[in-house]
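Please go over the structures that come below.
Okay, so chain A shows up in both of these, paired with chain B first and chain C after.
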Partner chain A sequence: MISDGVEDEDKWLAAGIAGLQQNAFYMHRALDSNNLKDALKYSAQMLSELRTSRLSPHKYYELYMRAFDELRKLEIFFKEETRRGCAIIDLYELVQHAGNILPRLYLLCTVGSVYIKSKEAPAKDVLKDLVEMCRGIQHPVRGLFLRSYLSQVSRDKLPDIGSEYEGDADTVVDAVEFVLQNFTEMNKLWVRMQHQGPAREKEKREKERSELRDLVGKNLHVLSQIEGVDLDMYRNTVLPRVLEQVVNCKDDLAQYYLMDCIIQVFPDEYHLQTLEELLSACPQLQPSVDIKTVLSRLMERLSNYAASSAEVLPEFLQVEAFSKLNNAIGKVIEAQVDMPAFGAVTLYSSLLTFTLHVHPDRLDYVDRILGACVKKLSGKGKLEDSKATKQIVALLSAPLEKYNNIETALKLSNYPRVMEHLDDGTNKVMASVIIQSIMKNKTCIFTADKVEALFELIKGLIKDLDENLHDELDEEDFKEEQNSVARLIQMLYNDNPEEMLKIICTVRKHILIGGPRRLPFTVPPLIFSSLKLVRRLQGQDKDTAAEEASATPKKIFLLLNQTIEALATVPVPELALRLYLQCAEAANDCDLEPVAYEFFTQAYILYEEEIADSKAQVTAIHLIIGTLQRMHVFGVENRDTLTHKATGYSAKLLKKPDQCRAVYACSHLFWVDDQDSIKDGERVLLCLKRALRIANAAQQMANATRGSSGSVMLFVEILNKYIYFFEKGNSQITVAAIQGLIELITTEMQSDNVTSDPAADAFLASTLRYIEFQKQKGGAVSEKYEPIKV
Partner chain B sequence: MVLVLVLALGDLHIPHRAPDLPAKFKSMLVPGKIQHIICTGNLCIKDVHDYLKIVCPDMHIIRGEYDEETRYPEIKTLTIGQFKIGVCHGHQIIPWGDLDSLAMLRRQLDVDILVTGHTHQFTAYKHEGGVVINPGSATGAYSSIAYDVNPSFVLMDIDGLRVVVYVYELIDGEVKVDKIDFKKTTAVTHSAY
Partner chain C sequence: MNILIGAFKPPCNISISFVDGRTRKQVPWKKENGQTVMVPLFQSQENIVGEVLIEPQPGKKVEHTGVKIELLGQIELYFDRGNFYDFTSLVRELDVPGEMYERKTYPFEFSTVEMPYESYNGVNLRLRYILKVTVSRNYVSNIVEYQDFVVRNYTPLPPINNSIKMEVGIEDCLHIEFEYNKSKYHLKDVIIGKIFFLLVRIKIKNMELEIRRRESTGSGPNTYVETETLAKYELMDGAPVRGESIPVRLFLSPYELTPTYRNINNKFSVKYYLNLVLVDEEDRRYFKQQEITVYRLLETS
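The block that comes next holds the complex of A and B.
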């Protein structure tokens, strides 16, 4: 029973080997004593082990190899026998007396080898005889191994061009004929295996067949190695005969393997020249054959061939390779109606790779392939099959990698149509691939049209594709995605301000429908892109700017205002505040007072109404004060209003130390170094005094709640501000005031109930050192500082 | 002598104002060559933080007003070799970029070297016994304060009581280097109080 399986097989194999070895031993003895008769007897017995039906191909092979080794020794003996006077033709006849046909044929092949070598008969005659005689074995496994043996011993004795066996009667044609015949017979045996045995063992049989396939394929390899097989012979003899066998055997295992073998074994230039014949075989194959893999591998080989050297490219054009392949693929897809999307896309993907290698300049070919893909996918909606979507991503990525320039991809009209068939997740993956491609190649000049086309392609990242379906996208992944869009926005640039403004408007249009989750990522880069444009326009001569020009700072600021407003829907008031202040500063540089004032107003409203977190307020107020301090565009009234508000906010911060610091920062609002009109010494002093009062209050509070006063740090900071303005020439700040403050601090520090603060101590020390330092400086500075006693 | 290289950079503003660090800078910032990184803030995203961490794991980073990570400190002091270094983004010091106000902070933190950013403009001042450095913007990002900013960063070579401050600027596609020398007079002492 076959189900006893492997264990039994091992037993039989062991028995076979034992038998073989025993007879080999006796054979050797006969060889040593030049006993031809016994040698033949024992060798025949030995070869009888190969008559077994019990072994799987895998195990049979082990037995065969041992026999093969022994036969080599026998062959040497035969050769010596002929030198000793025995005629080869007699030997040839003698071995045919062996009882059983299989040993008889192995011996015949062995003698045949010596016969050919002796050149007493034309190689072709011996070969013909042998290849025909082998028909005597019709059992698939035994027959395949026998013919394989024949192939092995004849390999170096074929009458090839330039070989010693070539003669008047013997030519390469005969060599080819021999190999083709052997091949044909072997294939028939191989195919026959499929139909032997019960149906339930089909899988086992197919596995065994698979183990034997190289025996059959070897013949094709031999053909490819024959020198005399040039293109003509290949085209006229070899290929037609091989294809004939492949098609006629109607066995899908054989067809797939052999087609692939042909492609791998013969040179690429032959394939190019016989493309028509090769491709026309494809529709004739069994429908179950994985023809797409075969075609893909063919195209891959041809792509590599094209890539290997530019000199071969004209050949491709000459044989019209592209259209032949394109048609072949079309026919296959048409014929195999049930081919899944994955299969079709793989084929087109291979064709695309081929096209990019061979005809990179033919964008129309590329677009055509994408179009064919769209056609195949139409009616199927969004693809579910992940293998198919992966292939589509590979298909779409190929032009990006090849051309390294998004402009080219944007020219392919079918590109977005292919993307339509991706599910939302993969669509986004593809969009990211596109963005990465742009980031890598930084020299692209954009126009509004290109940007429009680009944003259509990447719309999966820009907005929710399906209103109802919300992505369960990981927070991190979402951020990465949106940050990549932000980086992309930075890349969209055009020298011409009018065109640049159009680009900005296009981007704005798209990002504003992105929804509250996306706006915080996409709005800032757009704002800064616009501010850069404003700055460029500033540089332009105002007179040369045309009246009708739409790119003016004023118009851009209007746009900016409306864009930042959109952030209210998120809401992100802190970010919006920062952006309003940025715009205010830019408006300041353009001398647009009302615009700047409006931006400040918006910022202040946000501060009052939306920013409640105390830490956020501290940062925000510093930004407000810092920005306001730099404004020169405001008239007195506007400035006063804004300053008054800012100081008011400062005094109302939650924590006293924060209040104190913000208030003394406000002192700078009344003193701007580069503008003599803003140097109001009195109000500076008022601010500083107010800061002092707050510092005092902080001390008292600490006293009341903790029993000891807090550190004097704030006082030292205010002292430094006094010194700052003193040095700047604020006449309201007197030496006495500074002196008094120093004394106050020193007294406080020495007081019992004050918390010791090394940092404050060090600060005071370094402040006093600074005063000393200035005293030593010489000139007007020295004079100023001289009166201060430390 | 042990080589102590400190990279100081900031205000990259990725991705709000710049897509990435200049390629020429990236090729210079090879992992393993730098011992410490001081970052003045405004990276702004985690990606950049992770990239810098690979260049050097000992990273000291300060909060800028646009940073995604809100938990970075506003001010930091650290000691490297004989030098006490203070770091602050700078938007808190008004007027922005004003040397005297920055000097006040340096005094307050009691440091030899104060590193700040915010203005996007490289500066390095020797100022009454100390140094005030602004490494500029490593990406040359837009700034409301400075026009025509070139990408720049600073590398400090700390050797005993001496520090050489190298500034790398990307001008018209080429990296230009400049340097200033600073020697401090006394070694680091602990507070007498």
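The block that comes next holds the complex of A and C.
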């Protein structure tokens, strides 16, 4: 059926074109022979083809364009005719004798064009007559095209300022009046088009209508081109009249298009100066009009205008652009009850962009916008609409991008309230955006209040908002998020220890509710941040910082202790252990023995109770040994206890080589270079001997189980320890012992059942080379080494 | 054949000429045989002056019982064939009975002739003015020659010329108000007006203005009425909505109108009407007819 319709239309169009061409042919003949009467007759017949109702606007346009071309020839003929002495006024009457109105009016417009050019009558009178006579065409499509023709032939003949057709005073008013009237009538016809024909074809008609919209919009373009339309005239005449038409036509398609058209064709400064008028029309539009896009475009234009030059900014202030826009948006939202959240948010988002461009200093405006947004969203809970959430992200990101400073956002009381309306996923995205902004700009957050506010904003990352969401989370993403939070914690800093402590407390408060999955990421940076503070305090004069100040290392350590404890719930004992040790070291530096001891105790407890994995144990024990070795704060008793424990743990490791290595490492616990109180050569030797025994046992065990005695690596390692302590002056380490050990190793290596280990060989070789080297060095050292035979 | 023609040839040629024949305006006039000829134009109270030339056939004499010229104003009703009503009849004796041998001219003059009616060529009747020269003879038929001329009378601008304004409609269906700027138009006048749509509930396709001429002849049961549509002028294309006002501008000059004639000599009337017709999509016609008076305004040019 439809294809039939199209075919029919093609046929009709072809017939129309044929008829038109035939009459055009006769018309040309008449033109060539200067036969006015025939020219009029055939041109009228030619134009009669435009009387058809069968063509769609698209096809009709094709026909119209052909007629248009022919009319240009006729116009030239009319011009020549007047030169030949035919009075133009007579021609103007003559063409009106045509019986059919459509051809008559096309001819009238054509002669009218010549009439204006002849200047025998004021342009304004002719134009007024033409636009008035065109009322006779009430058929929408035919009327639109006729008036479009009128607009086309008249646009270079308007009595504009500076135009050759300018008459006596105020003719520009007439020019404007003419265009406005034509516009009004065209719009009426255009709107009426939707009611033509059967209801079932409404959709098709609306599409066709849409194709014709530029015919209507062209008038606005013409208006904007009139020189004489200055701001006053725009404000007092043009805009009110256009808006009146827009509002009264009560048609969503037209309203949307025309509002957009107004915004696009007229200059920015006009919009700015007539903002109130323009905006007051918005709430009066049909509810189905996509007003948000219209307003967004307006604000976008104004934003660009503001951005174009700093000189125009005062204008914005002068006209109170912000409050006007804000009011208008409020009214529109109020008027359009059914507007989806997406629409409202888009509006606010545009307004925000505008504000950021125009009033970067007015943070209160930004907050007001967010507040209005919250108000609109209140009672809606989380937004389901993905488009709306996207807009909210845009809304919230804008201030961050503009100010490059999160602090600004933190000052906005409504910021977190808007965020509450985001779904959890988006909330996290937004939180990440905030953190990224901070990282990018290296913004330092330096008050606890702001930290509090910030954490309120990013709480999507800090804690589980919704339990059942867990499984969906991608592990990678989660890590990424938490790492960013960890980085963020590093950005929270204040020189004032008091405030810094507050910040730490705040952060702690927030991260502790993060649940076991987050703590391993968030606790370490907090700990290190706190330790940094401790280090700073430690540098300060202790007396001044004491007493009344709450930020004492002691207090902080207390806090740290509790914080690390939280990790037990995860559990991540290895991590906790490391942190305890870190704290212990810091406490050591602060000379807080009990505190350090406590941390060690905690670490030991963890080691005993939680760390079961043998590999982890090895790592842990080495960490403990290393840390303990550096501790100088402990009294003999405490130190004894701790070293004793450490050695004990070492000897109880599962694998012999591990045991061996841990034990020889323990030897360092009894010999600290720069501390004379800790130079217990005997116990060092004990440790090393014990290590040797264990190495031996390991060797035998390997022999028994695998038939080969394995590597001599352990022995070489122990040898190195011997040499170390020997060199350090431990009197318990004798040349003989070293000598014996070397021999033992060489024998071992030569025995058959030892698998050769190139690494061990090399290690031994370089150890021996070292001894040689020391011997040749001369002085006290070489004397010391001299007795050792290699 | 030649003898035969010669035998029936009138024995003399008669021609009538006007003194100011060269300068006087000539207008077309349709004769009874359908031919259009140019004839001089007069108006009431003019002097009709000229001469009659009688040329006997060479070598022939014309005996007559007198020569006269008549000025006749006649109304000829076609359905009453052959009956002329002379409403004007003036006679001038040109010659006393005698014989005529050679050409002879007779000047004549009708002074300030009252010619109240205009020449008119209608559907059912004709009003005409003629000069009739009769050479009366005994025993044989008179020799007669006619000369048509046209009379047109001019009317000054009417002192009162009200507009025509009217609201018409079909209840709950269509209400319009129309206005024509005058009720009396001269022949080259322009009808200016507008149609205002107060209520439109029908789907109108177009609107046109017709000029209709109503010629009525006779009286009582023998009245013949003939209506012609002289002009169909499209005013509007498409369907208007409520509140729309459509301009009217109709130039009368292209149409062959006559002035309105009211009860001419109790024989006939010619009246003009403006008929506003609205056509709906089902081609139903809604119309309203209004009489206008047409008059002839003296062209000053």
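Definition applied: the second predicted complex is superposed on the first by the 577 of 790 C-alpha atoms of A that agree within 3 Å, B and C clash if a C-alpha of one lies under 4 Å from a C-alpha of the other, contacts with A are read in each partner's own complex, and residues count from 1 in each chain.
Convention: contacts are C-beta pairs under 8 Å (C-beta built on N, C-alpha and C of every residue); 3 or more make two chains touch, one makes a residue touch a chain.
Everything numeric in this text was worked out from a predicted model, so none of it was measured.
Student: A:Gly112 in the overlay: touching chain B, chain C, both, or neither? Say first, second, both or neither.
Tutor: In the superposition, A:Gly112 contacts neither chain B nor chain C.
Student: Regarding the shared-chain residue A:Gly514, is it in contact with chain B (first), chain C (second), both, or neither?
Tutor: neither
Student: Kindly classify A:Gly460 by the partners it touches after superposition: chain B alone (first), chain C alone (second), both, or neither?
Tutor: It touches nothing on chain B or chain C.
Student: By residue count, is chain A touched more by chain B or by chain C?
Tutor: The partner with more contacted residues on chain A is B.
Student: Now for A:Pro497: first (chain B), second (chain C), both, or neither, which partner does it touch?
Tutor: Neither partner.
Student: Counting only touches as set out at the top, which of chain B and chain C does A:Pro159 meet: first, second, both, neither?
Tutor: The answer is neither, since A:Pro159 touches no partner chain.
Student: So in the superposed three-chain picture, is A:Ser766 touching just chain B, just chain C, both, or none of them (first/second/both/neither)?
Tutor: After superposing on A, A:Ser766 lies in contact with chain B but is clear of chain C.
Student: Please report the chain A residues shared by its interface with chain B and its interface with chain C.
Tutor: Of chain A, no residue contacts chain B in one complex and chain C in the other.
Student: Where on chain B does chain A make contact in their complex?
Tutor: For this pair, the touching residues of chain B are 13-20, 45-47, 65-66, 91-92, 94-96, 98, 100-101, 104, 107-108, 110, 128-129, 142, 144-145, 147, 191, 193.
Student: Can you check the complex and tell me which residues of chain A touch chain B?
Tutor: Interface residues on the chain A side: 439, 479-480, 483-484, 486-491, 521, 524-525, 528, 531-532, 535, 578, 582, 585-586, 589, 619, 622-623, 625-627, 629-630, 665, 668, 672-673, 716-717, 720-721, 724, 727, 756, 758-759, 761-763, 766-767, 770, 773.
Student: Which part of chain A faces chain C closely enough to touch in the complex?
Tutor: By the definition above, chain A touches chain C via 51, 93, 96-97, 99-102, 104, 132-133, 135-140, 142-143, 188, 192.
Student: Within the complex, which stretch of chain C touches chain A?
Tutor: 206, 231-241, 244-247, 249, 251, 253-254
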